[in-house]
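Next up is a structure, given as C-alpha cells.
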Amino acid sequence: MPYTTYTTYATLLGHWAHVRQHSLNLSAALSAEDCAAQSMPDASPVKWHLAHTTWFFETMILERFETDFHAYHPAFRMLFNSYYNSIGDKHARPQRGLLTRPDLDTVLAYRANVDARIRRCFEAQESASAWQLLELGIQHEQQHQELMLTDIKHLLSCNPLHPALYDTPAMLLHVPAVTPPMQWIAYEASLLEIGHRGNSFCFDNELPRHRQFVEAFELADRLVSNGEYLAFLQDGGYRRHELWLSEGWDWLRQQQISHPLYWQANPDHSWSEFSLHGMHPLHPQQPVTHLSLFEAMAYATWSGARLPTEAEWETAATAEDTRQHLHQLFGVGWQWTSSAYAPYPGFAPAAGAVGEYNGKFMINQYVLRGSSSYTPNGHSRTSYRNFFPAHTRWQLSALRLARSLETDD
Amino acid sequence: MPYTTYTTYATLLGHWAHVRQHSLNLSAALSAEDCAAQSMPDASPVKWHLAHTTWFFETMILERFETDFHAYHPAFRMLFNSYYNSIGDKHARPQRGLLTRPDLDTVLAYRANVDARIRRCFEAQESASAWQLLELGIQHEQQHQELMLTDIKHLLSCNPLHPALYDTPAMLLHVPAVTPPMQWIAYEASLLEIGHRGNSFCFDNELPRHRQFVEAFELADRLVSNGEYLAFLQDGGYRRHELWLSEGWDWLRQQQISHPLYWQANPDHSWSEFSLHGMHPLHPQQPVTHLSLFEAMAYATWSGARLPTEAEWETAATAEDTRQHLHQLFGVGWQWTSSAYAPYPGFAPAAGAVGEYNGKFMINQYVLRGSSSYTPNGHSRTSYRNFFPAHTRWQLSALRLARSLETDD
Amino acid sequence: MPYTTYTTYATLLGHWAHVRQHSLNLSAALSAEDCAAQSMPDASPVKWHLAHTTWFFETMILERFETDFHAYHPAFRMLFNSYYNSIGDKHARPQRGLLTRPDLDTVLAYRANVDARIRRCFEAQESASAWQLLELGIQHEQQHQELMLTDIKHLLSCNPLHPALYDTPAMLLHVPAVTPPMQWIAYEASLLEIGHRGNSFCFDNELPRHRQFVEAFELADRLVSNGEYLAFLQDGGYRRHELWLSEGWDWLRQQQISHPLYWQANPDHSWSEFSLHGMHPLHPQQPVTHLSLFEAMAYATWSGARLPTEAEWETAATAEDTRQHLHQLFGVGWQWTSSAYAPYPGFAPAAGAVGEYNGKFMINQYVLRGSSSYTPNGHSRTSYRNFFPAHTRWQLSALRLARSLETDD
Amino acid sequence: MPYTTYTTYATLLGHWAHVRQHSLNLSAALSAEDCAAQSMPDASPVKWHLAHTTWFFETMILERFETDFHAYHPAFRMLFNSYYNSIGDKHARPQRGLLTRPDLDTVLAYRANVDARIRRCFEAQESASAWQLLELGIQHEQQHQELMLTDIKHLLSCNPLHPALYDTPAMLLHVPAVTPPMQWIAYEASLLEIGHRGNSFCFDNELPRHRQFVEAFELADRLVSNGEYLAFLQDGGYRRHELWLSEGWDWLRQQQISHPLYWQANPDHSWSEFSLHGMHPLHPQQPVTHLSLFEAMAYATWSGARLPTEAEWETAATAEDTRQHLHQLFGVGWQWTSSAYAPYPGFAPAAGAVGEYNGKFMINQYVLRGSSSYTPNGHSRTSYRNFFPAHTRWQLSALRLARSLETDD
C-alpha cells in the first residue's frame, strides 16, 4: 500500500473521523431490530457492518501498533472476522443475524472505544505502514457503508409491509425529465495503459498499471433507463432463450425470474419499484438498476449491442476529449463489464492478512466500474474495480452498452 | 370444544388476563433484538409468538364476535398466521426473523389493543362458543409460552458468547442429591380407557375417550439422568449401529451428532451444558433432556428396556394405587413414547379454522407425555398429547423407560 | 425363526429351487441394459436384485454352514450388501446403477454357483437353524421379486418412449365389468388377537401374537376404483387443502403432484396409465394403485371415511363369517392402513445379522396389508406387515376404506 | 463457418467415414451395460454419445438437405438433443442413464441408417453450407470421442472393483525416464495477433483473429509432473488456505478433497492412480492430470509461478523460434489458463441452431489450451479454445506454469 491520497497525516485523521461518523449517520434511522437481522447469506446485518469495520481497525492496526494492546472483548476477534483466514476462526457468515448479543448499544460502545484508542495510537504515529493501514481502513469502511444500504434495502424488501427507511419521496438521480436518445462515443483501436496512476490511494487490485490493446469500439453516453428495459421485458425478453447465456437461462428458470430484483407488477399492468423510500411507481427515466450480469447481457443482445470490457470503460472514462460527453459514469449505478475479475499482469497481493483483501476472490466474478448513488463521497475512481458473481442483483448494478467498430488496418 | 375448566365466565376471563400478562413477563428480560431473531425454521422469534397469540384472539374470536370489527392492521392477518390455510395466505415460516417491522413496541401495542377489545367483547358475551374459543386461546397462548423459552434457548445457544437469559445459577428441578436406583412399577394386562375424562377443557386430539387393551408392563419410577445417559455415551452409544433405528443411524451420521443437543465436551473431558442460565457443568442427577426420539430409543435399547406407549404412560399416570410412586411425571421433561401421533378411534376435528389445530399433523410425529419445567402452570393433564417429529431435539424432551412383562394367561 | 411352513426338508428345498428359478423368469424379458439401470435411490437395478438375493444365501448361510467356505468373489460381500451393518461395509445405495461390472452374465454365473453350493450344503443338512435361514432366504427372494417388478416399472416409466415390458395388453385383475356399489361389512367392538398364529413361517415383525381391543367399525368390501378416484380428482381433490394432512399438502405442492404416479392426462381430457404393458387408457373399474398414504388419506377424508388400522384389517381378514364378502384382500394391491409400523408388544428381533431384517425400520413408516398382483404366489398372509414411508408411490399401493361405528355400551 | 480444411469434397467425405468408424472402435471394448450407465450429470453414457453425434447429422443436416426427409424415429429428435433450445425440447441431462431403450443395437442401427442417408445426400451435394455443416459434424463427433473416454473413465472409477477398459498396462505418454529440470522460455512484451488464421476449419469461438498486447513473460517448457505435484501435496498443499482462491478453499473443504481426482492413497503411504488400464502405481514422471483450476492455481502459487493467459499460451505455441523447445503442448493434457472464456472482440455466433454451439457458454468457464492423449488425431490447433468450469476434474486437465517478467520500458 505505498500510495496515499492525503497531503498531511492530520488531514487523513480528520477524514477518518468523518468516515467513522458517517457510518453512525447511516444507521441512525434504524431500530436495533433493523440493525440485527440478516436477510440472506450474501447480506449482513447493519450491526455487523458497524462492528466489523471497527474490528478492522482493532485487529489490523491496534493489535500491531497499540502499546499494551488489550482486546475490547476477546471473542470479537472471531465474531467479527469476515473472511480473513490468516486471522483465524470466524463466525459462520449465514449466522450473523443470530448475534442478538452483543446488542447494538454494545457495538456502539465498541466503536467509541476503538475510535478513542485509534486516536491515541495515531497522535504521534511515526510508522508509515500504520498510516497506510489507517487509510485502507477508511476505504474499507466506505465499502461497507455502501453494503449497509444495499443490505438494509434487501432486508426491508423481504417484509410484506414494504417499509421505507426514509419517509421522503424517492429522489431522481441525475435524471432528465425525458430520456434523451442514446449517443455513441467512438474510440479508435489503440494501445493504452490502464490501472491506477499516481500516488494517491488505490486497492492492490488496481495495480500494476499496464498496457492493453483495445480494438475500436463505441460506448453509450448514458445508462439504460427503466423505460428502455421495460420495452425489453415487454418484448418477451425473459422468455426468449436465444437472448440469454446458457447459465443465465437456467438461473432464470430455476429462480423463476421475470423482472429486475425490486420491480413489482401491479394488477393494472403498471410497475412499481421498491427502494429505501418504500414502494413507488417505476420511473421510466431513471436508470435501470439491480440487474444481474445475465440480465444485463440479455438486454445488450436484444438491443444489438454488448457490454464494455473494463479496459474499454477505463479508456473512455479517462479520455480527456470525450469524458465530458459520458453521463452517469459515477454516482448512479455500478456498470457491469464483460471482464472476468482477474489479476493485472504482475499483480502481487499485499503481505499479511490484508493480502486476503482482494486477490483471493479473482475467480468466477465479473468487474463493475464506476460507482453508485450509495457510494460514499470520495470513494470513486476511474481505476476502481468492483466485482460480484454474475447472478448478483442486490447491488446497485446498472447497464451501459458498448459496440465493436470495424477497424481499418 | 364442549368442555370447559371454569366454574364461571368471570374466572375464565380472570385467568385469561393472567395468561396474557405471563407472556409479557417471559419476554421482559429480552431486548428487542433478542425478540426479533429466528435461529432456525422450526423456531420462531419471541416477538412473533407475542403477535401470533394475539392474532389468534383477533382472528378466531374478534373477527366473528366483535361488533363493527376493524382489524388492527390489515396485513397482520397474513403476517401472523401460523398454519391456518382456512384463514388464507401466511408469511413464509423461515422468514419470520426478517420482520423487523412491526417492531417490538408496535407488537406490544397490538397486544394491548386486542386485549382491550377482547375485554369489551366479553363484557356481556352470551355465546358459549365465544367463551370456548377464549379458553382455547388461553391454552394456545400457554403452548406458545413454552415455545418462547425453547426458541430463545436455541437462539442463544447459537451465539458463541453463550449468553444467559437469567443471571441466576441454574436451578435443579425435583432432583435429589444422589440419583436413587431406578424402581420399576408393574402393571397387569388389562382393558382400560384412555383419553380425556370429564368436562374440563382438553384439545380435540385427547378425545374421544376409548378403550385400549394393554399387555402387562412395568414403568420406571423416574426419568433417566444425565449421569446415566453419560454412561451410555461413554460406552460408545453414539458409535454402535446396533443400538439405533436405521433412520436414526443415518440422521446421526449425516448431522454428525455425538451427544445431546446442548451438551459440550470440555478439553478436560468433563461436560458442560447450555441452558437459559448460560453454560455450566453438566449435573449428573438432573434428568437428561433435549433428546431426539432416536437417542431416547437407542438409550432404551442399550439399557435393555424400551419406551412406553402412550396408553401405558396414561394408564400409569392415572392408576390410583401407584401414581404416588412415579416421580417427575410433570414439570420436568416431556417424555417420549413409542406411539405415533394418530387420531383416537372416532376422532373428529372441530369445524372451521380451529379444526386445523391438531388433526392435520397426525403423520410422522410421535407423542410425548407429561410436561416440562417450561410448561406454564395449569397446562398439564394426564391425557395431554404433545407431539414432535422423531429427530426433534430443541424441546425439553426427556426419557422414561418401560419394559414388557410376561403375561400369564 | 422357530416357524416353518414345510412338512419335509425335501419340500422346502424343492420350493427353494422353484423360487430361485422364478427370479430368472421375471428378468428373462429384459436386456442387460434394462437390468443394470437404477431410476432413483429407492429402486434398485434388476441385476442388483438378482445378485443381492444370491448374496443373502452366500453370506447368511454358506458363510456359516458351508464346509471350507470360499467366497465367489471377495468384493461381492460388500457390493451386494443392502443394509446389514453387522456384515460390514456396503456399496452406496444411490450408486447401484453404476455397477456395470460385474455384468449380467457374471451375476447369472454367481447365482448358478451359489445354487449349486446351497444344494450341496443342504444335501444332508442337520442344523435346524440352517433350514430356517433357507426358508427366510426364500421369503426374502420373494420380496425382491415384487421389487424387481415395481423397480423396472419405475425405470421404464422414466423413459419418454414409454416402453412395455410385456407386449400383451394389460390384463384386468379380479375386476368386474361394472364397479358394483361399495358394501360395508360391520364388526362389533371386541378384544381380539392379532399376529401370526401357528407354526408356519412368518417374519419376526408378525410376532408375538397378542391382544388388541378394537372399537366397532365397518370395512369396505372392495378397493376404491380408478373411476371413483377420478371423481375425487375432478372434484378438486388435489387443490383442496382441507382434505390433506399438513405434511401431505406440503409434499403435493413441492413435488407438484396432481394425480397418481403413473397416470397421464391426455390432450382430450381423457386419462392414460402406464404399466408394464406400456401406456394404455385408464380403466375405471380397475382398483386405483400407486397412491401415497397422503393421497389415500385425502381420498378417504373426501369420501367421508378413513383408512383401517392394521388390527381392523387383520380382524376382518380372519373373521370366518365375513371373510367371503371381502373382495380383493390379496393379489390386487397392498392396502394402506393408518397404523404406524411399530413393534408388537414383546417384539424381539432375531439375534445376529438377520435381526436387522425388520426391527430397525420401525419408525416413520406405515403398514400396508394384503398383497398385490406383483406378489409371488405363496407370499401372502393375513398377518403380513408390509411397510413404506407415507410419500411412497412406486409400490402397488391401493386403498380400502373403513368407518368407525358408534359403540353402544 | 466459411472455413474448410479439405482440398476436395471427396477427401472430406472420406474423413467423415473414418471419424464415424472411430467412434465405433472406441466403444468396441464395452458391453451394452457399460455403454448405458451415467455416473454423474456432467458425464453421459457412451450410447448417448453414439446417438447424439448421429442426431447432429440427422437434425442439423438431413432435416435441411435430405430430399423427402423422414426421421429415423420421431422421438430421437428430443431424446438425443443435448442443449439446442432452437431445436426444441430435450431429455433431462441427469436422466440420460435411464434410457435403456433404445438399446445399444438400435443405436448402432440408427448410426448405420443415418450414415447411409448422409452418403446419399452428399453424393452430388452442391450446397457449400451443407459441406460446412458436415465438417462441423466431424469436429463435433471428435469432441464427443474425447468425452466418451473421460466419461467411461469416470464411470469405471465409481466401481469399487476398479475395472480396466484395456487389459494392457498403462502406457507412458511422451514421458522421459527421468523428469528433466523445468526450463523457462522467455517472451518479450509485444502486440500480437491471436485467433485462428487462414481458411482451414475452426470453431466460431476462435474468431475473429485480433490484436492483443502481452506483457513480457516466460513459460515452462513442460507440464508439471505427478512427482512435483506430490511434493506440493506432501508440503501440506491441500491444508494451507493461503495457497487457494477463496472459492477453491470452500470447494476443497465442502467436497473433502485432498488429492487429484483419480489418485488413491495406499496403506503403505504410496499412491496409486486409476486409469482406463485399471488401478496402478502413480508414475512420478507422468504429467499430473485431472486437476481442477483451483488445484492448478494453488500449485502455481505454491511454486512461485502462475498460470499462463490464453494469449500467452497461443503466442508461445505459434512463436517460430521457440516452439521446438516447448514440450507436451499437444496430445498429453489440456492446459488450464487463467483466462475466462469470453468472446473475442467482434465475435458473432453463427445463425441458426449451430449458433448455440459455443457462444452461450461464455460465462463462468475458463479456457484450456493444447489437447490431451484422449483427443482424436487431427483435432488439435494452436487456436483451439477448450473450456470448463473451474471445479472440473474429470477431463484430462493438466498444468503448465508461467511467470511474469519485468518489462524494461
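Lettered A, B, C and D in written order, each chain numbered from 1.
Convention: contacts are C-beta pairs under 8 Å (C-beta built on N, C-alpha and C of every residue); 3 or more make two chains touch, one makes a residue touch a chain.
Nothing here was measured: the structure is a model prediction, and the numbers come from that model.
Counted as hops between touching chains, the shortest connection from chain B to chain C is 1. With every chain reduced to the mean of its CA atoms, the largest distance from chain C is reached by A. One finds 59 Å separating the Cα centroids of chain B and chain D.
For this pair, chain C with chain D, the centres built from the Cα atoms lie 47 Å apart.
With centres set at the average Cα position, the gap from chain A to chain D is 37 Å.
Annotation for chain B: no residues touch two or more other chains.
Pairs of chains meeting the touch criterion: A-B, A-D, B-C, C-D. Considering their complex, residues 83, 85-86, 189, 191, 210-213, 215, 217, 241-242, 244-249, 293-294, 297, 306, 338-340, 342-343, 345-346, 356, 360-364, 390, 404 of chain D touch chain A.
Of all residues in chain C, those touching chain D in their complex are 31-37, 39, 75, 78-79, 91, 95, 97-104, 155-156, 158-161, 163.
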